[in-house]
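So, here come the structures, one by one.
Paired with chain B in one complex and with chain C in the other, chain A is shared by the two complexes that follow.
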Partner chain A sequence: MFALVHLVPGDPVRLALGTRFSQESYDALRERSGLDQPLVEQFFGWTGRALTGDLGVSFRSGETVTSLIAERLPATLTLAFASILVALLIAVPLGTVSALRPRSLVDRVATVISQFGISVPDFWMGIVLILVFAGTLGWLPSGGYVPLTEDPGGWLQRLLMPALVTGVVSGSVITRFVRSSVLEALGADHVRTAQAKGLGTRQVFTWHVLRNALLPLVTVTGVQLAYLLSGVVVVEIVFSWPGLGQLALQAVQARDYPVLQGAILLFALVFLVINLVVDLLYSAIDPRIRR
Partner chain B sequence: MRTTRSITLGAAGALLLSACSGGGESVDTGATGGGGGGDVLVAAVSAQPDQFDPHVTSAYPSFQVLENVYDTLVVPNAQDLTMEPSLATDWEVSEDGLTWTFNLREDVTFHDGSEFDAADVVYSYNRIIDEELSNAYRFATVESVEAVDPQTVEITVSQPTPNLPALIGAFKGMAILPEGAADEYDLTTEAVGTGPFTLESSDASSTELAAYEDYWGGAPSVGGVEFRYITEPAAALTALQNGEVQWTDNIPPQQIESLEGDDSVELATTPSVDYWYMSMNYDREPFGNPLVRQAIATAVDRAAVTEAARFGAAQPNQTAIPEDSFFYYDYAPFEPSAEEAQSLIEQSGVQTPISMGLMVTDEFPETVTAAQVIASQLEPIGVDVEVQTVDFATWLDRQAQGDFDAFMLGWLGNIDPFDFYHAQHITDGSSNYQGYSNPQVDELLTQASTETDEDARKELYDQAATLIVDDVSYLYLYNPDVVQAWAPGLSGYEIRADKAINFEGVELP
Partner chain C sequence: MTAPVLEVEDLRVRLRTPRGPADVVNGLSYTVGAGETVAVVGESGSGKSVSVLALLGLLPARVATVTGRALLQGEDLLTMPPERLRQVRGPGAGMVFQDPMTSLNPVLTIGRQLVEGIRAHGDVSKQAARSRAADLLREVGLPDPERALDRYPHELSGGMRQRVVIAIALSNSPSLLIADEATTALDVTVQAQIIDLVEKLQAEHGTGVIWITHDLGVVAGIADRVLVMYGGRCVEDGTVDDVLEHPAHPYTRGLLGSLPDLAAPAGPDGEVPELTAIPGLPPPPTDLPPGCVFWPRCPVRADPRCETEQPPLAVVGSSGGALPHRAATWCAEEEVPRG
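Now for the complex of A and B:
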């Protein structure tokens, strides 16, 4: 990962100095940033410090990488969990209803809705929402972020539109999974057995269909959550949402290696943790996995 | 270059806003109160400052803020580009042009309460010079900076440097810090200037300034300024229209025309000192052939390029310096014509089709659009253009390595003709990536760089520009407009050609 970041063409020193500078300024900044050291030395230096929690200092801003990440983490967590909530609120009912009545009108409408969510570009949806709700109607602010602790009302107002956009996109993906896994569970032998035993429809559905359909749902939700936690650049930009995606994007553009490495490390950790949680949930839901 | 050195230029057509315009219905802005008595002005800017050390950063978003926090010895006049007093009240040059004496303003205090004097100037300039910070090149001819007495600074130069005031005053990258500031403060996040506002706080959403009550020019009338980062232009305009912000420079270019007749916002435009150009690699055949370059310069229709790239919000120009500048030179030898271009190619004896990779960067999307238009204009004369869009870091690398047939970019924030022409066109100049070399131009540029008579200087630069344009060292395209908008009724703000944003005199509706 370290090598990959450094192999990308582009010189952070030249980017930081702008277009007009002397060779002396260039050499001086290169030395100050530690970029004149051999790459191997830079790698071991960075790894050693990273293990102690020191991710270095941004070339661009001179702030520590940990403080830059910490500053943006609350906004990213807020948006990611709000979006997953919106996504599940859309996906579970929509997916279940269309699975219960396959090829019915409801199913077709649900398919169209989820297709729409998958295919409409999120920046376009975002701008339309801003123009309607912040512009024409004037109900919501056009964007930005305030911490929940500072102004709960303002927090919610600013969260609604971005959470809706990312929620619709993720929800559309999840809907397809819910539909297919519920359909599959409905056709399973044990469901027929349960029905044959004379269990009520509701009981069969809750205990035999839904519980089995939950496994793929947990998996796909985990994947979507990991994706949302690594930042949703486009939505962050459209709604001026100060999340990790924008930080990572700026780091790539400025070849700000310390920030980029810190962000990648964090995203890797997020994936690991979410995978672990998903695995633990599996065994909670499915007794067959417990040994 | 995103790294704008914000410098000046006077906008001859600078608009002063009319104060009265009753209809400013304003919604809750969500701004928290600043330090002073008045309300806080909320300004939507397109990006977050990278940091606040004026001597280190080269990013325009940082200078938007720093313009209001720091001062320089001299400062560009908003009207005509010339340097006027700021922390220096007046200055003089010795007969031989080698010693500059600056008399400093009295009763100026820094935001930490300390008195401003000559030692601070010496400290600030020597910090840039000794640490080889990004603007060290501006002191290339400076031999020493000395305090004669607490109110007088003497700068000695190795050769006459008529543009010294522009070099030290063009933008806040040459700001004066209190002596020892770099040891006492973390200048990347803290600021100790002498300007009208103090830096209060900055996070990933906004930067907040408060009025400095002891400002030497008189306390500002607003209580503070909040710079809010809104990257998406449509969102910034919506925020202005519904009253969340009162000022923005992030206007969707395609909406400029329709906003002109719109009462909900006050729109102002003025041609900027920036210019966009295309340049061809002299070391790659056939672009070393002057007839081929002239053919291409003749085939390009600048008006069409401007319309596509900027929705018309720009001034086509065949030289670098915009119309409003004292140094503007009215010279436009190329009349767009495909036939004429065709015959130049034939005269050159070069076989068509000629293939040309035109390198542009998505960092500046207008170059991508402009390149596509240029490609279509060059096709009829047998030049096959492949538009190569790369990110800015790669772009800069390839430019430095000479790995290009042709490229497009702009120079931003220049004020003095030295900045416009010297390093770009003198043989082996530090910004002469195209490899242009003309002994006559070298002679003229060298002479101009030490000529102390302003009219004679202009004459020399005009002659140099004639050759630069004829030889197509740069194929100049246009000067883009500065476009800004604010809430109806906001007064005391002046749009500037150098894109310096100064809220010192602003009054809210």
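Now for the complex of A and C:
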């Protein structure tokens, strides 16, 4: 990862100094950022410092990488969790209904909706929403972010559209999974046992179908959440949402190695943590996995 | 014989399949008395399982059309409203399924699966239902029933799981127990234990039992009466002795001929008689022959009507009991060499 970042052509020092600069200031900045040292030394230096929580200083702004990330984190967390909520609110009912009536009209409509959600580019959906709700109707601001603590109303207004866009995309993916896992659970032998016991339809469905369909749902939701937490660049840009995706993109453009490395490290950590949580949830849901 | 627990009359099941309608059960009629065991035998695909699933409305309504009458203690199962049918499942008829590995929900404890069945049919407190569940597990011979309640199905062996399934089926003291290939997936010693268990419970509670199997050894051990199914029809029925000792239908003879006879005398060189298999496969239910269903595979075909006309179920003789021995064949009178 480190090597890949440095392989990107372009010189961060040149980019930081602009078009007119002297050789002395170039050398000075190069020395200050440690870019004059061999790559291997740079790597071990960075790794060592990262272990102590020091991710370095941005070439561009001079702020520490940790503070830059901490600044962006609340916005990203907000958007990611709001999106996954929207996604589940779409996916669970839609997937369930189409599994209950396979090949029916409802199922076909749900399939079309989720195919639409998967295939339509998110930036296009975002622009359309902005045009309709911010432009024509003027109900919502077209973008930006305010912290919940400062202005709860404004926070919600600004969150609504980006969360809807990413939620629809993730929700469409999850819908397909819900449909197939509910369908599979419905066909299981133990569902017939439950019916033969004389349980009511709702009880059979909740405890013997949905309960068993939960496992694949947790997996795919975890994957989607990890993806959302590592920043949804396009949507963040469309809605000028100051999240980690934007930060990473700007870092790439400026060849701001410390920021980019910091962001990548964080994304890797997010994946690890989410996988761990998913595994822990597994054993809570499925007794066969315990011990 | 007392009033029958179950009276099935002209039961027909048609399934919608991609290859057109399939007549899986074609006019099945039988009765099960209190404390009586009726064995339904036949090959895979003969309509045995479907015929009992249809009774309890356990076939998907989208694909299955069920007609006929099935009176469970005087009430027609096939026309009753869904809520009444739900109430009957359990206290009216309990069911034990083929594969204990899959017929229990893997993510719920044994206790929960028993308790929910008990509480679905009466205002019972959780504690009362739990202690009833423990009693049931004790009754079906599960060691340490209290602890077993908190276990998950995967922590038990196949035989133990099938005991749990039986406990669930018996939890509301049904007047009819349907065992759908209940011992097929188990090994022979466990099979014998399960059969003993069902016989014991049946004797204690006077339950009528429908035992579906393709194992004629099991039939001989457990059943009072036998119904042989082929191509969705009953081709022969009667008491166990009549059907197994004097089979009238060529199909039944074929089935018996495909069993090893341990009592048969060995040949002069110590060789045992070879087993005979019935050649061919059962007809597809989407395309049943117009005459006798067994005609395409029948080694006898003694009557010209075999190919064109469906033989009715007719009395072929009786060993003197109250039950007639019937077979649906044109060839009953012919002496067919037993395989």
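By our rule, the second predicted complex is superposed on the first by the 290 of 291 C-alpha atoms of A that agree within 3 Å, B and C clash if a C-alpha of one lies under 4 Å from a C-alpha of the other, contacts with A are read in each partner's own complex, and residues count from 1 in each chain.
Quick note on the criterion: a contact is a pair of C-beta atoms (placed from the backbone, for glycine too) under 8 Å apart; a residue touches a chain by one contact, two chains touch by 3 or more.
Because the structure is predicted, anything quoted here is derived from the model rather than measured.
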**Report entry** Combined model on chain A where chain B meets chain C, clash or fit
**Finding:** fit
Report task. Look at A:160 in the shared chain and tell me whether it touches chain B only, chain C only, both, or neither; answer first, second, both or neither. Result -> neither
Query raised in the report: Which partner does A:75 contact after superposing on A: first (chain B), second (chain C), both, neither?
Result: first
Report task. Identify the partner contact of A:190: answer first if only chain B is touched, second if only chain C is, both if each is, neither if none is. Result -> second
Report task. Quick one: classify A:198 as touching chain B (first), chain C (second), both or neither. Result -> second
Report task. Name the contact category of A:138: first (chain B only), second (chain C only), both, or neither. Result -> first
Query raised in the report: Regarding the shared-chain residue A:35, is it in contact with chain B (first), chain C (second), both, or neither?
Result: neither
Report task. Give me the angle at the C-alpha centre of chain A between the C-alpha centres of chain B and chain C, rounded to the nearest 10 degrees. Result -> 160
**Report entry** First, second, both or neither for A:207, with chain B first and chain C second
**Finding:** second
Report task. Could you let me know whether more residues of chain A are touched by chain B or by chain C? Result -> B
Requested in this report: Determine the nearest approach in Å between the Cα atoms of chain B and those of chain C after overlaying the two structures.
Outcome: 47
Query raised in the report: If you look only at chain C, which of its residues touch chain A in the complex?
Result: 53, 56, 58, 86-91, 94-95, 97, 99, 102-109, 113, 116-117, 120-121, 152, 154, 165, 168-169, 171-172
Query raised in the report: Which residues of chain B touch chain A in the complex?
Result: 1-5, 27, 30, 48, 50-51, 53, 56, 58, 131-134, 136-137, 140, 186, 188-189, 203-205, 228-232, 234-236, 238-239, 241-242, 244, 363, 391-394, 396-397, 400, 411, 423, 430-431
Query raised in the report: What residues on chain A touch chain B, complex-wise?
Result: 8-12, 14-22, 24-25, 27-29, 60-63, 71-72, 75, 123, 126-127, 130-131, 134-135, 138, 141-146, 154, 237-240, 242, 246-247, 250, 253-255
Query - chain A to chain C touching residues, read off their complex - result: 188-190, 192-200, 203, 207-208, 211-212, 285-288
